[in-house]
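As written, the chain order gives the labels A, B, C and D, with residue 1 at the start of each chain.
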Amino acid sequence: MKVAIVGATGYGGLELVRMLKNHPHVSIHSIHASSQFGEPLTNTYPHMEKFMNMQLEPVNVEKLAEEVDLVFTATPSGVARELAPQFIEKGVKVIDLSGDFRIKDQEAYRQWYGLEPSDKRLLEEAVYGLSEWLDVEHLNDKKLIANPGCFPTGVLLGLIPLVKENIVDEQSIIVDAKTGVSGAGKGLSPAVHFSETNENFKIYKVNRHQHTPEIEQGLRMFNEHVEAITFSTHLAPMTRGIMATIYANAKVAVNQKQLIALFKEAYEGDFFVRVRDEGDFPATKEVYGSNFCDIGVAYDDRTGRITVVTVIDNLVKGASGQAVQNMNKWLGFDEKAGIDFMPVYP
Amino acid sequence: MKVAIVGATGYGGLELVRMLKNHPHVSIHSIHASSQFGEPLTNTYPHMEKFMNMQLEPVNVEKLAEEVDLVFTATPSGVARELAPQFIEKGVKVIDLSGDFRIKDQEAYRQWYGLEPSDKRLLEEAVYGLSEWLDVEHLNDKKLIANPGCFPTGVLLGLIPLVKENIVDEQSIIVDAKTGVSGAGKGLSPAVHFSETNENFKIYKVNRHQHTPEIEQGLRMFNEHVEAITFSTHLAPMTRGIMATIYANAKVAVNQKQLIALFKEAYEGDFFVRVRDEGDFPATKEVYGSNFCDIGVAYDDRTGRITVVTVIDNLVKGASGQAVQNMNKWLGFDEKAGIDFMPVYP
Amino acid sequence: MKVAIVGATGYGGLELVRMLKNHPHVSIHSIHASSQFGEPLTNTYPHMEKFMNMQLEPVNVEKLAEEVDLVFTATPSGVARELAPQFIEKGVKVIDLSGDFRIKDQEAYRQWYGLEPSDKRLLEEAVYGLSEWLDVEHLNDKKLIANPGCFPTGVLLGLIPLVKENIVDEQSIIVDAKTGVSGAGKGLSPAVHFSETNENFKIYKVNRHQHTPEIEQGLRMFNEHVEAITFSTHLAPMTRGIMATIYANAKVAVNQKQLIALFKEAYEGDFFVRVRDEGDFPATKEVYGSNFCDIGVAYDDRTGRITVVTVIDNLVKGASGQAVQNMNKWLGFDEKAGIDFMPVYP
Amino acid sequence: MKVAIVGATGYGGLELVRMLKNHPHVSIHSIHASSQFGEPLTNTYPHMEKFMNMQLEPVNVEKLAEEVDLVFTATPSGVARELAPQFIEKGVKVIDLSGDFRIKDQEAYRQWYGLEPSDKRLLEEAVYGLSEWLDVEHLNDKKLIANPGCFPTGVLLGLIPLVKENIVDEQSIIVDAKTGVSGAGKGLSPAVHFSETNENFKIYKVNRHQHTPEIEQGLRMFNEHVEAITFSTHLAPMTRGIMATIYANAKVAVNQKQLIALFKEAYEGDFFVRVRDEGDFPATKEVYGSNFCDIGVAYDDRTGRITVVTVIDNLVKGASGQAVQNMNKWLGFDEKAGIDFMPVYP
């Protein structure tokens, strides 16, 4: 199978290269960007030398449609909205890593993103690719996967088992999330300036992060009673990694052992989710460079509150790794193909 | 006035040296540790060269009692419990930076610290030195200030205005705190190993952090209805700084402007608390090396939840800076004396 | 005395604010930038709240000349070249923190900076303000101090005692320098992007750094036989600090003790230089936030080579701290006034 | 083929697990340490969950000798000296990652390591496994590979092409090396304490680093005239990565282009060495997590001096990756087997 990567110079794109270059069944047909045409990708990323000798090309939909089976769009918001329909029309599968097709509710998208939403029909057809909870049967006749956002991936994997089983008070959910700086991408801004970020811990977009409606929508797929959540995002002085510390009040009698058993059962067949034993909680470095989501769970008798801790590598499970995992499921490969890296530690 | 520092080789002790060497009215009489007797402190801390030429001495209570007005104990848990009573008996004021005299409830101390508590009578007499909320009138006939813990300082400054005015649901309080590694002190452990900590984000002591009862006790001084809180502590890959992200449900009708006005009023005369304007939230680096606590406040109409964000430098406002601020109030100096440093940024 | 800061929004400018706000004899009259007119500096730097309530102003030479005694220009290359002469003409002293007046040789400036040099007469009059080696007598009738570059400060303080005493082979000098990222300033570029810089160690401008001719010129002020040096600059994943590791072959018989004695003698009366004892070498954090230059010296019998290690805080001794030190000498104050901070450690 | 890892809990050991778990022809038979017997390695390293389910065992030479083909000893200095001979006697191949068998000269070992050297006969038989310069023909009848130290790997790959071709003055070699903190291993010491290391740049073991004689010995294998070198080691605030900045005077007429051509030719068939084009220099992150050594070369007409810059990941090419590369050559596999990871960037 042959795939093209649109947006190859961003962090999502370059991680796609790393994953796909390691893939046993898929080859990269071409890499695309909005500039630097004709330049080898190794000009920008010399670390790829000896692995990637392609040059960046503009996107030619006609030509690509004849030559590739699937296109990854790892582009800024607003680009895939225009591009994906063209590929889909010509029968090419699309996995979009941007936010363009994640939010079904056009009004919510407009409000939280401040942009015009994608076409309504395509939004309805798009499959939300939270890989562990993806209905593969349902996938085959589809043309478009909306790859989840980095924060929603970690948060939903940590909350779905609880909301699905009606264990938590649906209006008590608070998510305190922390991300490394690479989540902001390769673009320049004061927010990613080393001297402003190093040895600093920041909160940003308080009550306004655009991943909020995506999380709420994802939870409501499993429990329609979920209400507005509190979702806070923080910037930690590190490059990779997201930790979501999730709080919710138990509305039924539970204990810690039961909760851990619930999570272990929920993810029993899922290679890329690792549920920790009682008293053990994951750290972001323990999934560095890998496609894992590690989960720890606690219950506090004093407060009746459940704490779930999830960690992912925002560029892998939170972006490109999950995209490849989705592709694997879609194309009928082993879900681990190309992404069975062990985390790089320390 | 002359003071002695017991525990001068720890991070709390060395910051006391930095503050007191800058103090216009107080001089350091002597520095004490449990080892390295006769060694100049500059052997361990060459950065102090030209400021500090004293040698470390063992503690001689008899001698010190004749020569100093006040002793700072910046010692591990369990040391001040033995030492402070001896100084107090001889009329020497003590400011203890450890946890020994913070928790009035001996049983709670036993449970959360796993250690034997201090003498009951002394515990009752000890003044909890949260400097902004300290009753200075009441202080004069006292002999002992228990300097607050690093986390409780930031959390209480962020919550007291709310609980005092009965604005939040007393059983809804969740504190998600993040600290730099220096909070763990100078001692060696895998938790402070660079390779295990750098580019890593960890949660620790989930539902078991010993500062929990201190925060609850502090809140109940202002509102006896406060119930068990959820308090989570995380380790961020940086040296200094604590951010507390505090969540609570409003139980009365409020809006963001009112909340910010409430905080500004509460801290109007307090030089070391800076309340941000609407939409502005503090980052830890903005108080680096200084005695400030910066506070941002948000209210979310969607959830009816209040978010308070506070930042401090854990070694200054969270330890030695606040100790000097307390000393200043106790001895009748300007509270800023010796600690009016601007934060070091970037 | 009243001073104005031109370029107050850059890192050099904001450190000038920190130093001067702490100064006993000098007050900041006004702060200037090339944009953001009318905005309080605290909009950009909330850490200054309660210390600095001025707004940014455009530069009005006429008006300033009547109101201030001295102007600091902490501006990008090329600005002070135009501005300084105007102030000087009106009798206002100028301390320039940029490279505009450091290089006496116009051709060398053109070649290394790729810019047009300053006016020849003014270049000749400008005093190179390497504070420890500054001829204060000579200073009084001057109008302009060219504050040294960050790297040259650390390198010259480490080499002058050797070249002055004819101890090293003048063609054997190699300087391997490492700097924190704040040296690149507040401007945005891929070189200061956190994700590209964190957990990364880079070399840059190999054999082409514009501080090379400044170092050579500085050395030749003390020994005209100094030849072209090798000067390498590296970017370390930290915000502040420069270490220069300096290598030179001894051309006379020496030993380690003698060398250390030589350095101790050379800097005997200099508060801001601290020469370490034998076997002890400084680390950058040991001068963090302070105006010190710490120096360690080694001699290797195996190779006949001398190694000198110097560390400074690039924003303080390497920029604003030294500028204030120069001002102090120029205006007849204690050289420590306003800058007698202890380093912030850890 | 089956291999055992002795010292599996150290950083070298755990990276061996990562490489070998990815190996197509070799399987890990057992993992060994000096304590924690019976404990799964995932207790210490939860990031290995789902990859490694073995428990730590004591070393039983008799038993292992029957069951494995090769043993990796990733142990502290002094352990392999005792253990390797026992395995070798029983016909088991050994690759030692410690310094025990690297230095042929027993007296030099004694002097630089301060320890008793290994057996003379075994030292003579041991093959120094600098993989790119390894004589594979010669290897087959050998029993022991001494895997090079982390610094010597980067330094020798950068210097051998020059000294071999008699291009540099043999007494002019200066190596200024910078390493991440993981080079100091997993053990606890103030040198690896986060708060002492973060935002800090240090020099250590000035003129006394034990890798000095190893580098000199390695160079003399290619040019017997090489004299004592200056070798300085610095600790950078990052986890992984070594940069060696190497200086030497050209003793013949050369230019930059010729030098780069020389390096490109020298490493033409070597997958794991990537020589950069003119004006391009590598950064440590560009080899992060991979087995590459990237090399940049410059020549300065002003000084007649050559600068070579090499970067490696100290735990991969500087330890376990090179050990697997050596194993691959020894056992007749493709040298890339199991270690053809792309660097993890950013």
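Quick notes
Throughout what follows, a residue touches a chain if its C-beta (ideal position, glycine included) is under 8 Å from a C-beta of that chain, and two chains touch if they have at least 3 such contacts.
Keep in mind that this is a model prediction, so the values were computed, not measured.
Between the chain pairs A-B and B-C, more C-beta pairs are in contact across A-B. For subunit D, the chain whose average C-alpha position is most distant is B. A straight line joining the Cα centres of subunit B and subunit C is 37 Å long. Taking the mean of the C-alpha atoms as each chain's centre, subunit A and subunit C sit 46 Å apart. Centroids of subunit A and subunit B (each the mean of its C-alpha atoms) stand 39 Å apart. Across the assembly, subunit C contributes residues 11, 180, 182, 195, 198-199, 237-240, 285, 288, 346 that each touch 2 or more other chains. Residues 11, 14, 17-18, 21-22, 45-51, 182, 198-199, 239-240, 271, 274, 276, 280, 282, 285-290, 294, 341-346 of subunit C are the ones that touch subunit B when the two sit in their complex. By the touch rule above, subunit D contacts subunit B in their complex via residues 11, 180-182, 186, 188-190, 192-195, 197-199, 237-239. Considering their complex, residues 171, 174, 176, 178, 180, 195-196, 198-204, 206-207, 227-230, 232, 234, 236-241, 243, 245, 247, 281, 283-285, 288, 296, 298, 300, 302-303, 305, 307, 309, 311, 346 of subunit A touch subunit B.
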